[in-house]
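Shared between the two complexes below is subunit A, which has subunit B as its partner in the first and subunit C in the second.
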Partner chain A sequence: MNPFIQYVGFGIVTAAILAIAAVGFTLQYAVTNVLNLAYGAIMSIGALAAYAANSAGASIWLALVAGAASSAVVSVVLSRAVFEPFRRRGLQMFGMVIVTIALDLFISNGLLILAGSNPFSYNAQAGGTYHFVHMIFTGEQLAVIGIALVAMVGVRVVLQWTRLGRAMRATAADENLARVCGINTQLVKDAAWLLSGALCGVAGVVLGLSVSGWTVSTGDGLLITVVAAAIVGGIGQPYGAILGALLLGVATSLVGGFFNSSYTDITAFTILILFLIFRPTGLFSGVVKRRDVVV
Partner chain B sequence: MGSGWEFYLTLLLVYLGVDIIACLGLNIQLGLAGIMDFAFIIFQAVGAYVYAIFTLGPANGPGQGAGGQSYLWGTSLPFPLPYILATVAGVILAFFCAAVVLPRLRGDYEAMAFLVISLIATGIATNQVGIFNGANGLYGIPQPLSGVLNLPTLSYDWFYVGLTAVICVLAWLVTRRITTSPMGRLLRAVRENEQAARALGKDATRARMFAFLVGGGLAGLSGAVLVAFVTAWAPASWGYAESFVYITAIVVGGFGNDIGILIGVLLVPILFGELVRFLPAYGRSTWIGAAQLMVYGLLTLLFLWFRPQGLIPERRQRYAGGGEPSLRAGGTPSAPSAPSAPSAGRIRARLGPVGRLR
Partner chain C sequence: MGIQSGSRHLKTVGALGTIAVALAACGSQGSGSSANGSGGQSGPVTIGSFSTYTGPNASLGPEQIAGCYTAALLINKAGGVLGHQAACQAIDDRGDPADGVAAATKALATTSNFAGTLGPGGQATAVAPVFEKAKITMFADSGDSAFNHTTDTYFWRITPPDSSAGYAMALWAQHLGYTRGVAVFGETTTAQTSVPTLLRGFKKLGGNMVLTKLLVPGAPSYQSVAASVVAAHPQVIFTETDPQTAATFFKELLQLNNGKAIPIVGTQPTYTPQWQSAMGKAIGNANLSANYVALQPYAPPQGKAYLVFNAGLLSDKKQISNPSQWSADPYTMTDYDGTIVMALAMLKAHSIQPQVYNSAVMDITRPGPGKTLVYSFAEGKAALAKGKSIQYIGAGGIIEFNQWHNNSQPFSAVGYTTSSASRIAGIVSAPQVAQLAR
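Now for the complex of A and B:
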């Protein structure tokens, strides 16, 4: 058994989770222009809601839907109750990022108080292991990859072939121009929060599925890696985010496997900081213009 | 009545002093220069570590230092030197961070880059055991002059409160000197409208860099003052959320003036932080830390919404001459008589934070 190929296999599983979350994040940031650092906390809310449904007897698939729905609703509520009012009023000198990080601390520590720091795990029957080009996957891992593929295809269909998707892309490219063209940008933004929130919830649940025990802090722990995948791919580029997720998933898995497992996060953070310094617009320049983020 | 409350009081006073020094530093970065420094706590951390390794006995190799700890150097330097070195260490680390981030990034990306730097620093300090003893951290750190003075513990604690107060005043004098200098004026100008400052031929990046280094130095000093009193320091003491505590203090108190900073420190880490500690700790052990961070997050949101200028707003700057129209974002226009103004003494247009006319 070649360890290199096996680590690549683990990396693909991580990449699948990252891709779901990063596509949601990149969509959210591009359309709403909010760098939402509370995304990790919302991921945990989805995972918890799915756990509640799962332990109430629902199947894991139903729990997945419950997790996606609750994260979507929470996202829309937060945008309407917090982000949009702050954006309309304007912040005197602090960026929106301080609002999102304050919200993240509030929610994630609230969850910690409510749910405690004990690990949870889902009740999912996925037996056996599967071999695939010298890589071994468990049933859960294959399910995670499958869910990611379905989610990616779904996002592709929505963005490319629906009126809503076109309106989203237009809003991301230039909000004022989109409004001039008769697009109800507020509605489009709500839809973007809903869709990205749903992806966020799905990511939270599959993250929980892929590990043996997850806590309410697991989502927050993955947050910066998700942001890294989105930025590496270029904000507003779903394919870029998928590529970024693959790059980060495989890189962190290889470093963790061959070098030291405590360096997986540092690897992701270092890749992010290198991109921020040398290519802040990402591999594919998306909607974030150089002038918005750099001098 | 035992002397327990007195130990607690001295601890609180030292915390107060440390937080004031740190917030004065962060205010130069955040309040004066407008840099969203989410990595602030690592400069305090490096100051504390540097103080520790320059006061602990020699480290003869891994696990060979005082108390079987692993760390670099280990030179038992006498009293004022470790504090100075800690300050220098804060400046040096701030220089590297600033050199990477400040000339390139702005806005949300700048804040996130600092956040990521903070996380990387925690990861390295935790995993590279040889530098600062890894996740266990350093302990048994010597206190300054304790061998010379030979005081009983409580008297020494009061002596240290006095020392902290002296350092506080020094830090305040330094920041005072900067905020009232031409450099302070330039920094405010850069904060309000960087493009305009650049158009006037000012080197905005250098000014921001200067503010960042001063802030880093004060943070390093505050770390040394703290660690010399509590005598232990580990990665758990400086998670990225700790930077947010100081940011909350500045948001609450009001950026851009000393009284606001003092009130912010008194309210946020001291009053709210300690009040939460006295809540009945039912159930779970992680409850208190989580509740503190929840309170800080909520306070920031509430203040940014209801009173974004903080409890004590920044005072309007008055300059000699007084003939210039003041183009400050969000400020009331005060223009005595600009010759071309339509009606004498009234300018209706104001410059917003991005330089657009509102």
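Now for the complex of A and C:
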């Protein structure tokens, strides 16, 4: 087996999880202008809700829906109850980031009290092992990649070919102008929180599926890489987030295989810093701008 | 898709996000600041249980405080210490040195009659100086080799250091005939302390450590590490990792090795109910039973002092969740012993203040001619009241501190049966460890 190709294969699985989370994160920021660092904790809420459903006898697929739904609802509630009131009071971006950090601590510690610190795992069949070129995937991992693909296509369809998607893009580009044009921007923002929250929940569940034992802090543990993927891709660019996730997923897998997994966070940060220095708008923003000009 | 957001902000968001994530990742607690509260005279005498209660190693705290609660219960049943009831207080270091220092400082500032502490453990190098400076007696369960020859007055260690655990792991692997090993350890201070002596000991015994890998807790996958381990064809894997990291890594390893489990020799922190549960689900109880042992300090669950400890432990269902899980746990036993020794030293010195009673600790545990052997706080209290000189024999066995306040113990190789019950696979003696360490 060629270890390089093998590690790339493992990186694709990590990238699939990262992509779902990073697309939700970047979409949320794009439409609502909130850099939500409580995102990891909301992933854990989704994972826990799915665990509750799965433990009650629901299949992992139904549990996935439960996880997505609960994170979506929590996101909308947080938006209405916390972020909107702060925004109306004129809180700027940095202040809002602090609010999200406080929320993250609040939710994480609340979950710790409610669910404890013991690891959880889903009742799901791992399936067989499948070989593709020099790559090895389990059935579980193929399912994770499949879920990521469906989620990405779904986001693409919503944003590109629905009225809601067009309204989201308009709101993201210029909220005031969108409002003047008759778009109910508050409703659009609610929809963005709902959609990105659902992606956040899905990411939490697939992360739980991927690791054998997860705790209420597992979602927070992935946050740094998720934010890095979103920024590397070009914050606010869902396609960019996918590319960023792929880059980071494969890079961290190669580093873990050839060197040590302790260098994975360093790798993610190094890539992030290099992008901030040499291409601060990210991988995808330039491409989009050129296309927009053509259109 | 072309969603464009506030383009003016684009260049600053990256930097802002990085700073904010770093802030979120670091998030440490503030600390209070006032005088040491150990000098008060009314109210209960408080023993701190300084350990990890949150995060990946959150199972360590309940293991430690179970020993404290049991001792406090029996101390109070025997009438308390110098007119004070004994109480235990959990102090959470959150598995982080900076958080540990903050928690210690806060406990010193806010705890009345703070007479001593169990721990620190993994954060000892950062936290022990704080307690030493405040003159608080510590019964540390740190394995850090930095304390092997400590001159700290208030630092006492009943359990052997991790450096000894590394040698014991190497000896056990040699006993099973393994000469080709891989070391896979978590990237935490506690996990790292036994690695150098494991590597040295294994090599000295003729073994070849073909690969050494670190695992960062919380990663979504360790497949590339698992693949490199499979490629190294080890006969044995030495490990210390938290439960969720271990479950993910070893499940992926099993899959990549075509369902064939590789024998595992772990450190004591892997021998917890949480680790067993997570690993049992990940690789199956049959694989865990056939292929896993952990080397832990040997505290035989037998003898007079153990029976007193176990009866007290099992009777305290109010404060201790599922107390029977700690019945054969050597750390719970030695934490119990630490609390009892502190209480007896207070009686001997006629003071609950550590700066007074600390010097009596050696006297309470040291053997000597004409000393009365006592196996519980009640026996010790009665003997001291009669003016006798005593030697306390602990639930974990005889305690004999050397000039560096360290105690030596043998190790047991422990594992699980297929029905998840504990089993002892064998013993590595203290002289064997000492000989390899030379």
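To be clear about the criterion, the second predicted complex is superposed on the first by the 279 of 295 C-alpha atoms of A that agree within 3 Å, B and C clash if a C-alpha of one lies under 4 Å from a C-alpha of the other, contacts with A are read in each partner's own complex, and residues count from 1 in each chain.
We take it that a contact is a pair of C-beta atoms (placed from the backbone, for glycine too) under 8 Å apart; a residue touches a chain by one contact, two chains touch by 3 or more.
In this text, all values refer to a predicted model and were calculated from it rather than measured experimentally.
When both complexes are superposed on subunit A, subunit B and subunit C clash.
By the document's definition of touching, neither partner reaches A:N54: not subunit B, not subunit C.
Shared-chain residue A:S70: touches no atom of subunit B or subunit C. With both structures placed on the common chain, the touch criterion links A:L103 to subunit B but leaves subunit C unconnected.
Of the two partners subunit B and subunit C, it is C that touches the larger number of subunit A residues.
In the superposition on chain A, A:M168 makes contact with subunit C only, not with subunit B. By the touch criterion defined above, A:S212 lies against subunit C but remains apart from subunit B after alignment on the C-alpha atoms of chain A. In the superposition on chain A, A:L91 makes contact with subunit B only, not with subunit C.
In the superposition on chain A, A:V82 makes contact with subunit B only, not with subunit C. Contacts of A:F275 after superposition: subunit C is touched, whereas subunit B is not reached. When the shared chain is aligned, subunit C comes close enough to touch A:L222, but subunit B does not. When both complexes are aligned on chain A by C-alpha atoms, subunit A residues 35, 37, 93-94, 97-98, 101, 104-105, 112, 117, 224, 227, 260, 262, 265, 269, 272-273, 276, 280, 292 touch subunit B in the first and subunit C in the second. Looking at the complex, you find that subunit A touches subunit B at residues 35, 37, 82, 85-86, 89-99, 101-106, 109-110, 112-113, 116-117, 224, 227, 260, 262-263, 265-266, 269-270, 272-273, 276-277, 280, 292-295. Against subunit A, the residues of subunit C that register as touching in their complex are 1-6, 9-11, 13-18, 20-21, 23-25, 27, 53-56, 58-59, 187, 213-225, 227-228, 231, 243-248, 250-251, 255-256, 258, 274, 277-278, 281-282. Of all the residues in subunit A, the ones that touch subunit C in their complex are 3, 6-7, 10-11, 13-14, 17-18, 27, 29-31, 33, 35, 37, 93-94, 97-98, 100-101, 104-105, 112, 117-119, 121, 126, 129, 136, 138, 155-156, 159-160, 168-169, 172-173, 207, 210-215, 217-218, 220-224, 227, 230-231, 234-239, 252-254, 256-258, 260-262, 264-265, 269, 272-273, 275-276, 280-282, 285, 288, 291-292. Those residues of subunit B whose C-beta lies close enough to touch subunit A in the complex are 34, 36, 38, 100-101, 103-109, 111-113, 115-117, 119-120, 123-124, 126-127, 191, 205, 241, 244, 247-248, 251, 255, 283-284, 286-287, 289-291, 293-294, 296-298, 300-301, 304-305, 308-309, 329-330, 353.
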